[in-house]
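Here chain A shows up in two complexes: once beside chain B, once beside chain C.
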Partner chain A sequence: MSASPSLASSMLSTMPASTASLPSFSLLEFQPLLPAAILAVTAMLLMLSEAFSVSKSRSYQAILAAVASVVAGFLAFQNTQLPVGLILDGRGVMDGFSSWITLIACFAAGMSSLLAFGFFRQRNAERGEFYGLLLFSAAGMSLLAVSNEFITLFVNLELMSLATYALAAFWRRSSRSVEAGFKYFILGAFASAILIYGVALLYGATGTTQLDMLHHQLPKALEDTPWLTWPGLILVLAGLSFKIAAVPLHMWTPDVYEGAPTPVTALMSAGIKAAAFVALVRVVLHVGDSSVVFLHLLSFLAAITMVVGNLLAIAQRNVKRMLAYSSIAHAGYILIGVAALFTANHLGNDVGVLSATNVANPTAETLRPMALQGILFYLLSYAITVVGAFGVLAAIEKREDDGAADAWDLNKLSGLATRRPGWALAMALFMFSMGGIPSTIGFLGKLYLFKAGISAGLIGLSVLGVLASAAGMYYYLRVIVYMYMKPSPETEMGARHWSTEFVLAASAVAVVLLGLLPGPLLDWLRQAALFAPN
Partner chain B sequence: MNASSSPLLNYVVFLPMAFAFLVLLLPGNEKGQIRFATLLGMLVNLVTGIWAFAAFNPAGSEFQLEYRLFWLSDLGISYHLGVDGLAVALVLLTALLGPLVVLSSWRFVEERVKEFHVCLLVLQTAMMGALCSLDVMLFYIFFEAMLIPMYFLIGVFGSEERQKAALKFFLYTLVGSLLMLLALLWVFFLSGPEGTRSFDYAALYNNLMEANREVSLCMQNNAHCSNLSATAAALLKWGPWMFGAFALAFAIKVPMFPVHTWLPDAHVQAPVAGSMVLAGVLLKMGTFGFWRYAMPLFPAQAWAYQNVLVALSLIGIVYGALMCLAQKDIKKLIAYSSVSHMGFCMLGMLTFQAEGTMGAAYQMLNHGVSTGALFLLFGMLYERRHLRNMTDYGGIAKAMPIFTVFFLIITFSSIAVPGTNGFVGEFLVLLGTFKSNLPLWAGILATTGVIFGAAYMLWVVQRVFFGPVTQQANAGLKDLRFREFVTALPLVLLVFVMGLKPQPILEVLSPSVKRYVARVHQAKPNPESNTARELLRMHVRELPTPKLAQAQVDDSQPLNQPGERQ
Partner chain C sequence: MNVEIILFFVFSVCTLVGASLVVFANNPLTSAMSLVATFFFLAAIYVLLYAHAIAALQVMVYAGAVMVLFLLVIMLLPLQNTPLPLRPSPARWVGALSTASVLGALIYASLQWQKSLETLTPTTQTTTMSQETLMRFGNLEEIGLSIYTKWLFPFEALSLLLLAAILGAVVIAKARI
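Presenting the complex of A and B:
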């Protein structure tokens, strides 16, 4: 290690409060943690319920999990109005962005527990542990959103991930589920190791793990110890790219998404994606201004993620895998917004088609909020849509098909429009929304995102983005073709469950309603400030 | 200028949607009820359409019947409806075709009746919305939304290869319009500093007008290029790309050569109703888009690429006609004739000159009537025999005399025989082409298209209707039923009305034509001609920034200035 005495001493001097005397926190500083606390406490209750409950019925578990999510979501919504600033001695951050991500996490958790209600009841596999893990995962997402320090970030990332590894393997009677959990765990642990290794290198180079301090130390560190700082930054970004499933670190996604029980897949694609993005945004925001390389890196990452995700999705006949690849593609679109976050400081750097053109003299002050709203709205719209889409899959999934090779073939959707017109209509809406067709929330999300992209001058990237999304429409339409234009097979449909139907109806209504009349949502999102370094 | 706001267009746009919800609530096996409810919805739409047409005052301001509400103002988008002369004429055409489309499929669709009619009504709303939008993003939303019902109409209710055709239709249009969306966003950011930007058509046009003038001056004379404003410099540099994106989106819709290949497939596979709407209204969205958005927003680029677009239109005219001569499938033939006819529309608009543009506008309406009627009439024949090849027919005239008369009249309209509507349009287009700055051979080439047009249409008539009855099944065909007669009659009558007394419609179109020509002429390389100067002086003025509908608007929230509210 090269940690010179001066570095070590500067490190010590940055944390006097925590070593010298006990810091005093105001009550306000705990408020952003409240949703996570509620989720975690409920999770523990659910865990204990398995040990102490004498009642045979377990219906209350899903309801309890959903109610806890609603309460936590409501508190998170209240929190969006809090002032912006660092909390808990700089380890956490309080801003609208994190509260909105918490809200999305709560939404995902609540919807997935409702989906799981019907799903596991049909399989006689309702367990309190499942909902407990689900809420732990959501609590991890929520805490990840407020993390402003690498160790905190890492611990919360692990809280979220470990719970999800177990969830992915939860349906242990199916070999695929076990395989998915195993794969996810091995690769996820590998990615975490990469992340923490990068953090260690950065700590060595800058003497801090706190993001806002890192921001100040980084230019100097890049100059003094580039051979330590650069690997550290790259490893951190690689670890986070794994979590958002950006190409080339996307390989785990299709297998895990396919194998995991469908309600868990819904949670992963809606919640984990959002939480991982908030971590990425925070890190990138603090390190991005220091070098133009990050702009190139993120633009390149966005470009290949969009293109590869969409192209691979086209080749899939398995709907669940198709949606998994499409989730990779969506991560690519969001990366455009992430790249736009700090283009303002790097205009005029010519790197071919992906370079940033000066379109409207963007400044960081005008660009950042726009890009941030774009990312946030897109995450929200994607969460609503994808929960619905996996919800439809969970609804039509039959117990007998578990583990069958063609369990998710497009054929399973054949003639859905005549057998279950409501589900088919909802699925069609979700597909149009994912494709970004107007009058759905997905269109507004894309509009926001590409608006930020164009405003940032990322013209080449945006063009690539819309072309990729046009290609993406091909496989979304194929789902509709099977539902509406293929004859219905004679097999029987699975049973209905009210909670599944509720999820489908709520998501479908939200997709259209928020797509046409987002009403105050846009206002709220605009006020969602992001704590940014200055 | 025109502060009055009228809710009429809301009804024009959204009443079909309301009826769609009504139909959705009806039981699925009550086919009669569903059909009547849809027909009623379309008739109501027709009434509102006629009302709007009657309420439009050609001598009044450019956009009338305006209605504006706040909607997505954070993004610079508002809900703003209004029509000019061309739009209101197309609204009338769309409204007129609506009930006929429903009647044409009265017996044709027997399965999934409810979905079919819901699609028709939703499509009607989307088309009306695209025509009536005065906010570019609102237009885009309706423009894209049209794809969904049309996709289902082709994909669910079409013939054998329907899924492929529907997909092709959807993806072609989507690629073009998505690129246009980016160009639109780009223009939006160019149009002004933060806070003054808006997707409102008038505001966008006004914001770009000065920059466009600078660009065109610079393009004529390099001496003017030295002190361009930032907007003008960007427009000079990137304008061709933006214009290209707009042009591509609309060219696909028109469709122009070489992006027309989706059209024959879509037409052949679509059900009668789908073909009628597709040919009648949807294709006009392309020409309408050029007219309303691509040309006025980028006049300098429009001049710069005039020759390219004219060349493509001419290829479309001649190539479409030649393809017709080679077809056996009648529906495909009509589809290629659409390519040829829409080429005329484009050619007329690209003359940038009054007669030609007027001809183009009139030709848009004509094509809606005549090609819509061709698909309608052929659909009646198809319903009886379910065959599309010309060789399967012959001597139909003996069995179906009234049908033959109708078809002949429409054929005459299609080949522009004097006295029919087609003559007025094509004559004006050719006249404009010869009078314009385009080379002489352009006009001559276009004229050959007319001749080929006559050749292939008369050839169809000869082989299908006259001569001996080649197949026994054709001898026993029944002539038109009452419903079919009533469906076809309005279009047949319209051929003569529009052919013999075009004045009322020309009068409505004329202010739009003058404004279009004048706007493009702002950027003419060398504005020599007196007429051009005169038009410029008379008709180009800043578009009035529209007033807001009083009742619904909170005064504390001025439009165009998002970011103020808390």
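Presenting the complex of A and C:
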């Protein structure tokens, strides 16, 4: 036995020099990846279940997917207590922000798999692959939330997106679903190419793809090689803006949201939006301080996204399309919070109505946690609300209407209050929450986001946000008018399924409960935002 | 002007000619074969950059496997030799203008870069590598080492990505659901 140490050392000496620098990862570093691992393993199980399953019944698949999401979400919640720091040689980051986004992703995955349970059972289209892809997409979101390096970020973004392209086109009986998948794939691939092109240019300029190192290299790179760094930064931001559906790059949203099967639309608007925002926030947190241009750019994006999203939503009679445009508008509100991350260092740069005025002498130390908390709370509140809203649409959608031009027309909702009072009440709550009526979670989301905007001195932008959401009330209330004040048509309602009812009830309860008693949640989010690394 | 520079220009001109042929050829087979040529010359440029493993992979994966698939698809499609109509439309003009401006910006950027490299003092030129590091830089051993140590996280995530992509392709290609 005494020979073994010398043997080991002699082996070491014969190895190439670079082997000596093998990094040793501690077990703690893998803990933030645990939720994604659970999701991915369950996804593989579901995939294999199609190959080896002997029973005709596929009910267990949706349940298994939902249980995996709950377990992963629970682990993500535990991870919010982990110490903050870089993991896996700087490729990833472990902080409360990423854990909360993982939690939102797990919530979105669990809820949309339950929605899909009833939806696809009714259409006799349950498949294990669907739930597998859904969980792969959620795993991608969760891994995207911990990415701290461009290559990692790109790979995880693609994992999330590729799974979702297939999900959007999953229901091939409907030509709209195929069209949605195809459009999403082509435009999404284009956006990914733009993103990775920008990353390549930034690598050329700074010599690093790691975000925290980029943070230190960027000021010098902007000075030495501006003609390389600027195109790189703009291309990266453009690629990420596509994923969050900010306005010049929002064109895909209505078509894809409308065409995709409704449970998939719920996943996209709740989960993908949150995950894409975490990528955007991470990138701009590291590059945003280097120039005032980012503040102006993000403020401008926020302004046009809010205004255009709301204006286009007003014109829609198709409820699913209306919700798609409204999700663009909500991205605009969140962008106010993103812009508020940088005002502290750029006060007094006047650009008209969008400029930051110095109201309370904010410092980056007080402002950042406030803005991050606002963004997190808004993403969470929007996820809960939008899952419920698309859940109601999935519930009233009938099999005979598949592919019909007026499948989601406002008329389909008329008289819902007399025929399905519970659903109508839930939908009314979701619409109130999206519009920002007090005592719902959506109101608090807007409150904390605009509070961060005002504290940051983005007065013009916040006022614009309030005005835009007031205009948005028009189309949210119109849904309620149709449900409660229009006579009900003679047609039959679609079948009910317990899992759909569960999703509606759970989201409705969460919308009210968290709207009235947000205390503990706000404390947790504040804690998560405080320790987010810069 | 040393041999490397001359070779670089030969290879890059060939790559550009091949790439243009892919776009402008009327016959899809000509396009596909030009793409093979483009991949080969690109691989040669990788060799000049000391990235031998990437060059080998480029030839095996792209010029080999991917191109076979391309040709198979072309073979299966009923294609006529009709040239695509190149009518000017607003969308085409916008596309042409934006492509031209991106190209112009990139050419300008690379010219500026060239200039700044010349003005840099030797001490700030951190990118110069010793001959030994350069020789080891592109070989499989180095790539394997960095993939399984520094880049472990994205590498493993990539395997998930491929699995999800395969699953997605199977779902899309399956009988109607």
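Everything that follows uses one rule, which is that the second predicted complex is superposed on the first by the 507 of 534 C-alpha atoms of A that agree within 3 Å, B and C clash if a C-alpha of one lies under 4 Å from a C-alpha of the other, contacts with A are read in each partner's own complex, and residues count from 1 in each chain.
The definition used in the following text is that a residue touches a chain if its C-beta (ideal position, glycine included) is under 8 Å from a C-beta of that chain, and two chains touch if they have at least 3 such contacts.
Model, not experiment: these values are computed from the prediction.
Chemist: Have a look at where A:477 lands relative to chain B and chain C in the superposition and call it first, second, both or neither.
Modeler: A:477: touches chain B, not chain C.
Chemist: One more residue to check, A:224. First (chain B), second (chain C), both or neither?
Modeler: In the superposed model, A:224 contacts chain C only, not chain B.
Chemist: Which partner does A:195 contact after superposing on A: first (chain B), second (chain C), both, neither?
Modeler: Neither: A:195 stays clear of chain B and chain C.
Chemist: Spot which of chain B and chain C makes contact with more residues of chain A, would you?
Modeler: Between chain B and chain C, the winner on chain A residue contacts is C.
Chemist: Touching A:40, do we find chain B (first), chain C (second), both, or neither?
Modeler: A:40 sits against chain C, while chain B stays out of touch.
Chemist: Check the residue A:76 against both partner chains and state whether it touches chain B (first), chain C (second), both, or neither.
Modeler: Once the two structures are laid over each other on A, A:76 reaches no partner at all.
Chemist: Based on the superposed arrangement, let me know which partner A:526 touches: chain B (first), chain C (second), both, or neither?
Modeler: Only chain B; A:526 stays clear of chain C.
Chemist: Both chain B and chain C touch chain A; at which residues?
Modeler: On chain A, the chain B and chain C contacts do not overlap at all.
Chemist: For chain C, which residues count as touching chain A in their complex?
Modeler: So the residues of chain C touching chain A come out as 105-106, 108-109, 112-113, 116, 126-127, 141-142, 145, 149-154, 157-158, 160-161, 163-165, 167-172, 174, 176-177.
Chemist: Hey, which residues of chain A end up touching chain C in the complex?
Modeler: Interface residues on chain A, with respect to chain C: 16, 18-19, 21-23, 25, 33, 40, 43-44, 47, 88-89, 91-92, 125, 127, 129-130, 132-133, 136-137, 139-140, 143, 149, 151-152, 155-156, 158-159, 162-163, 165-166, 169-173, 181, 201, 204, 207, 224-225, 227-228, 231.
Chemist: Which positions of chain B touch chain A when the two form their complex?
Modeler: Against chain A, the touching part of chain B is residues 71-72, 74-75, 115, 137, 140-142, 144-145, 147-148, 151-152, 155-156, 162-163, 166-167, 170-171, 174-175, 178-179, 181-182, 185-186, 188-190, 194, 230, 234, 238, 563, 565.
Chemist: Applying the document's contact rule, which stretches of chain A touch chain B when the two form their complex?
Modeler: 357, 359-361, 366, 417, 432, 437-439, 443-444, 447-448, 450-451, 454-455, 459, 462-463, 466-467, 469-470, 473-474, 477, 480-481, 484-485, 517-518, 522-523, 526
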